[in-house]
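Shared between the two complexes below is subunit A, which has subunit B as its partner in the first and subunit C in the second.
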Partner chain A sequence: MTSLTWISQKAWIWSFVGAFVVWLATALYIGGAGGTAVITTALSFATFTVIVGIGQMFVITTGPGNVDLSIPATISFSGAVAMKIMDGSNAMLPIGFAASMACGLVVGLFNYILIRILRIPPIIATLSSSFLVLSTAIAYGRGLKIKPPPLLAEFATARLLGIPVLAIVIILFAVVMSVVLNRTMYGRSVLAIGQNQRAAWLAGINVERIRFYTYVLSALLAALCGFLLSGFSGGASLNMGQEYLLASIAVVVIGGTSVAGGKANVPGIWGAAMFMFLLVTMLNTFGVSAGIRLILTGLIIVAVITIAGGDKPPR
Partner chain B sequence: MLSKLLIGVGAAALCATATISLADTSDKRIALSNNYAGNSWRQAMLASWEKVTGAAVADGTVAEAPAFTTAENQVTEQAAQIQNMILEGYDAIVINAASPDALNGAVKQACDAGIVVVSFDGIVTEPCAYRIAVDFHAMGKVEVEYLATRLDGGDLLEIRGLAGVFVDDEISAGIHEGVAENPQFKIVGSVHGDWAQDVAQKAVAGILPSLPEISAVVTQGGDGYGAAQAFAAAGRPTPLIVMGNRYDEMLWWKEQKDANGYETMSVSIAPGVGTLAFWVAQMILDGKEVPQDLTVPFLTITQDTLEDSLAATQPGGVANVEYSLEDAMAVVSGG
Partner chain C sequence: MNASDETIVALEDVAKHFGAVKALDGVSLTVTSGECLGLVGHNGAGKSTLMHILAGTLDPDRGTIRVGGSDLSNRYNVGVAGENGVRCVFQELSLCPNLTVAENARVFHPSVTGFGWKRRAGTLIREMLDEIFPGHGIEAEDVVGDLSIGKRQMVEIARAFTTTDLPLRTVILDEPTSSLDAVTSGQLLRFIRRVLEQGVSCILTSHVLGEVLDVSDRIVVMKDGLVIATRKGSDFDRNSLVAAMGNVVEIDEIEQHEAREKLRGVAPVVVEAAADRARDTVSLTAHQGEIVGLAGLAGHGQTDLILKIYGAAMRGKGPVNVTRPVALVAGDRQTDGIFHLWSISANIGIRSLAKTVRRGLIDPLAEAAIGAEWRDRISIRTPDMQNNILSLSGGNQQKALFARALASDAEIILMDDPMRGVDVGTKLEVYDLIRAEAEKGRTFLWYTTEMDELYNCDHTFVFRDGAIVADLARGDLTEERVLHSSFQESA
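Up next is the complex of A and B:
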């Protein structure tokens, strides 16, 4: 019974189990050393999903109805602005990074203003701000493709003992964010608000300030993702954020965070991001056609979520 | 109900004859209904539209030609947009459609209201509309035929577009037909790159460990640079990658060409095809005879024309051809 309780409390385990099973199937199919290459590739790409996933997790954890739909637009916007300002020059790196963070800050502030002052539900507020942000990116960049500074490109694709450096950095970052979530005033407040906003308020938590921090954090992480992704894939493009809308939400949910809020965990995001990438890789490797691939992706995700959420401890 | 419909059809026919008798389009209004603007191709398409129609409005060829883009790339949204255009009384609607058949209802309503409907790129199947289609099938086949002139054979990686879009099916069918006719080639892997370089990079990087050495990559455009990045990141030799006329692809090709004499070809549709649709709509309003189905040639860039194309293309853009009324007439009479 204790082991069952343990597992049910660690919902994130299932995302890792899923990722491992899918990887094993792929590695056996390929045979030889291909399996290791698949893992390192998955690490490279999962990194970006994890960055935005962590931001999305904090937002979702603040309770029902909270979700950040402006992440893809912020990724494209931040990437475009940073690339244009740096214009491929190493010397401009700090300024480009600052500009990218400023983009995130502005979007986060704007989202919060819509939600708080205009009292627009977060899902609508972030959706409408994403239109504004993407339009700004389009007007600013017009699909511009400027090469990232060599130093940034090198850093984003560098490997240490075969492991992507960026992945190591983001794993450390995830550890830090896990501590922030579980051990700091801010993280605990986020969880408390998600469980019961009124109770949290009565307990003396400044609900609005915490919510403000959360939306700004999510936008900042999206901006960071845009900055690094541009370095990784050789420049910014208008639709580079597109696939991170559903991915950011999916990794949060598959990772074992409650969509209803108040219950979150960071490690699950890594497991889920690896799982999502490996799943597509496995189906591609098997040569499954696109239609069947989408059906299987859907079914497998449903299966993992069901198993992960299936054995809740009886109350 | 039926009689009402018949009256509607009769009225439409009357309108049509009335239009033909007019030989002047200076008071005509043509609207562009566009379903998506979030990539460089669509941006170039809109820029071309603005440039060519802006000039046409300035010299009094037509009264106005605004472009409208839906925000969410949804069929329902575009259908509503077309209905608004009908109410606003445009004389012609040029459509790049989100779906070949789901807009047919709205398109039929427009035709019934006596509005000329010209679809291009994303065409509609409703019989009353005009279609300016690209022979995507031939485009896919051309890639393999080019490979046959360059290589003795080998394993190919296919990067497809957006799953479920007919353009993707057509290009892919062309590629597979080409491979069937050139059995020295074999497609050993296929991924969906969604015509976007970052998606392509991700998909290719994922499948590469499972593949043998690749001699060439067949693509659909917008994905070539991402594929090159993925091969470089995996430390694999760069295969022959067919490009798709995007600036970043041509720039990469140029760099490789200068560094090691890399040779390939590039093929795609010019975003200026929207301006061809504009002139076709104008010609129909002008009372000219235009066949219901037209085909436009695709734009091929070779080793020799690379520098010129690159120089003529804006950073971040796509190699382009804008159509004049004369060009449009040539296409109409040729097709």
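Up next is the complex of A and C:
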């Protein structure tokens, strides 16, 4: 196989190429050592997008119509609950983490019950559950201004040789999830269901169990993101999940995962998350106004999806 | 008929390669008006590719295409084919499942527009259905996705014969009877003879050689992308045709197949199920090592029962008593079978992944080994098992689905009319494989619409209106008895 065909088969290459080009433009504009600083900052912020992006990827890969819109609400809910339980104490860290995971588990279960038992389409089910979850978070965390435990804040912002520790951990986590996707029964089942749910069932795959795992996994990762994000940004806030609604879907698609399902890509999520952050940074350094910046961001995402994410439909 | 000498379609030296696979390697073909041209050959001989080129859905790599005397080689496509009166009934049905029968008919006829188009399109397709398949039971308002595969095929066929302002000169029929039962197939073949007399020509491919012999004026035999024989239909009989195709296995083997008397009741019962609308007490039982046939006209509850047994085995509970792991071979491979993004190897391995797992992870080498083993055992024609499943011809895709089920740990294999569009040579190979697996203790439940296949079964249940109406031992099995049971009440 020539290197050219190898590259053309790896859709995720494009997200890294995009990220590199955008970074280069920024680095040339600001000049000097600023370029490396931009990269480490991007790594810090992209980490959180990657965590929810991986969960969203598994959901989207189970086929058309599957998407988790409750991710932002779960982030806020999990962050608020964890902060309140830990109340700034290092000793409560394990309990706070467990509580955060429990939040994810409950949301995932609830989503699945709506989808499976009440037969509500996933897009509506997760959207409506996100209203319920966010309202719960608001009611629970009224006037929330609690600092995270120092240990958590330290861990979330720590750097090793200038590289954010959290980013290293999540890179390793992405490697693990890539193996889960390609080399486990669960991952294969997700890919099969995404291509043809009926054929997957007839080939001996327990479709409903796999869908259940997938929605719970997505909610658990959203909860993890909420927990770490609260530590990173010095406390939970009720709108901290907001930007992750579109970001989680955009990184999945830009990263080379097929929106039609059945084809997924973990490394691409990292590339896409870096690309998204660096893009905003670039437009900021160019001094573009906020309105223009949003328009340009939208246009560039559409362009990238058209060029890189465009998948030939089966004949 | 003085028009019968007029050449309608002429192909010259047409070739089409897919990567290393030479699907067509220089084929010339003519069809004259009022003629039925039969096209036979094994899976992967290039029949479907030739049909697709003629229909305009594939561009040939080289060669010329003439329709009605004018050279259309460089601008040939579906639209041009339609304008020149060339229609096609595809093996992979081409109807839009979300539209009604009438709306699908309209898609073909741009001239049906304006107020009341739906009613006019409905009348158009209904009249044609009535003419070809009297008593078809299809309404113009039916949504195509809700129809059984047999009825969808009937709509597809009828639609190709409807005419408005464009001429109708040649209809390509690619495996038109693969999803039809004996009665509707007969209706179609009689209709073909009628339209030939009106000067319309047909190109017919079918793996049921009897059909080709019955209706064709001329028969073209293809092998490995080339035409290897062209003779008048009356010059062939079943055996000489099989010989011309270069069969490895003699057709007589089916007839010589000894009716094996297996003592029902000695081997343990592995499946016990009643059909959905069981009016009486006949229920289906299958014993270990037995091949059980599910017969009757298409769509009379055979598939429903197979799915019921499958569902009960998967969930471990239900109204059906199944005691062993099951696997299913789908008949409708596009919707029930293949994973279109995956390689041939991955498509075969999916049902057996559990046994390739080493320390919690799938071992890619073990998975490839399953693919390689079955490529040889069931002779799948491909240069590389890592190629996409869609690179295979329809019959070879079906073989891959067989391999998926047979490679698994399942002791009961459910087959949902799996031999649609599979050539005779492959069929005989698969029959032998099924027999060998049954000897080893596997049980087969085999729904089929072809009488020939029932002769491979140890025991046959006949279905009508969702109920089992007859329970025939191998010695009692005759075509008359099956047909008689299928029509008992409607007669």
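Some notes on this structure:
We adopt the following convention: the second predicted complex is superposed on the first by the 302 of 315 C-alpha atoms of A that agree within 3 Å, B and C clash if a C-alpha of one lies under 4 Å from a C-alpha of the other, contacts with A are read in each partner's own complex, and residues count from 1 in each chain.
Here is the rule we go by: a residue touches a chain if its C-beta (ideal position, glycine included) is under 8 Å from a C-beta of that chain, and two chains touch if they have at least 3 such contacts.
None of the values given here were measured: they were computed from a predicted structure.
On the superposed subunit A, the positions of subunit B and subunit C stay apart, so the two partners fit side by side. Superposing both complexes on chain A places the Cα centres of subunit B and subunit C at an angle of 130° as seen from the Cα centre of subunit A, in steps of 10.
Applying the stated contact rule after C-alpha superposition, one finds that A:G287 touches subunit B and leaves subunit C untouched. Once chain A of one complex is fitted onto chain A of the other, the partner contacts of A:V179 are limited to subunit C, with no touch recorded for subunit B. Contacts of A:G262 after superposition on the shared chain: subunit C is touched, whereas subunit B is not.
Contact with neither subunit B nor subunit C is seen for A:P94 once the two complexes are overlaid on the shared chain.
Touch criterion met: A:N206 reaches subunit C, while subunit B stays clear of it. Shared-chain residue A:R198: touches subunit C; no touch with subunit B.
Counting the residues of subunit A touched by each of subunit B and subunit C gives the higher count for B. Shortest separation of subunit B and subunit C in the overlay equals 32 Å (C-alpha atoms, whole Å). No residue of subunit A contacts both subunit B in one complex and subunit C in the other.
The touching residues of subunit A, when paired with subunit C in their complex, are 179, 183-185, 188, 191-192, 195-196, 198-206, 262-263, 314-315. Subunit C contributes residues 310, 314, 327-328, 330, 335-342, 350-351, 353-354, 357, 360-362, 364, 390, 404, 408 to its touches with subunit A in the complex. For subunit A in complex with subunit B, the touching residues are 26, 29-30, 34-35, 37-38, 41-42, 44-45, 131, 134, 138, 141-146, 157, 229, 233-235, 237-240, 242-243, 277, 280-281, 284-285, 287, 290-291, 293-294.
Per the touch definition, subunit B reaches subunit A in the complex via residues 37-40, 43-44, 47, 71, 160, 163-164, 189-192, 196-199, 201-203, 205-210, 225-226, 229, 233-234, 246-248, 251, 314-317.
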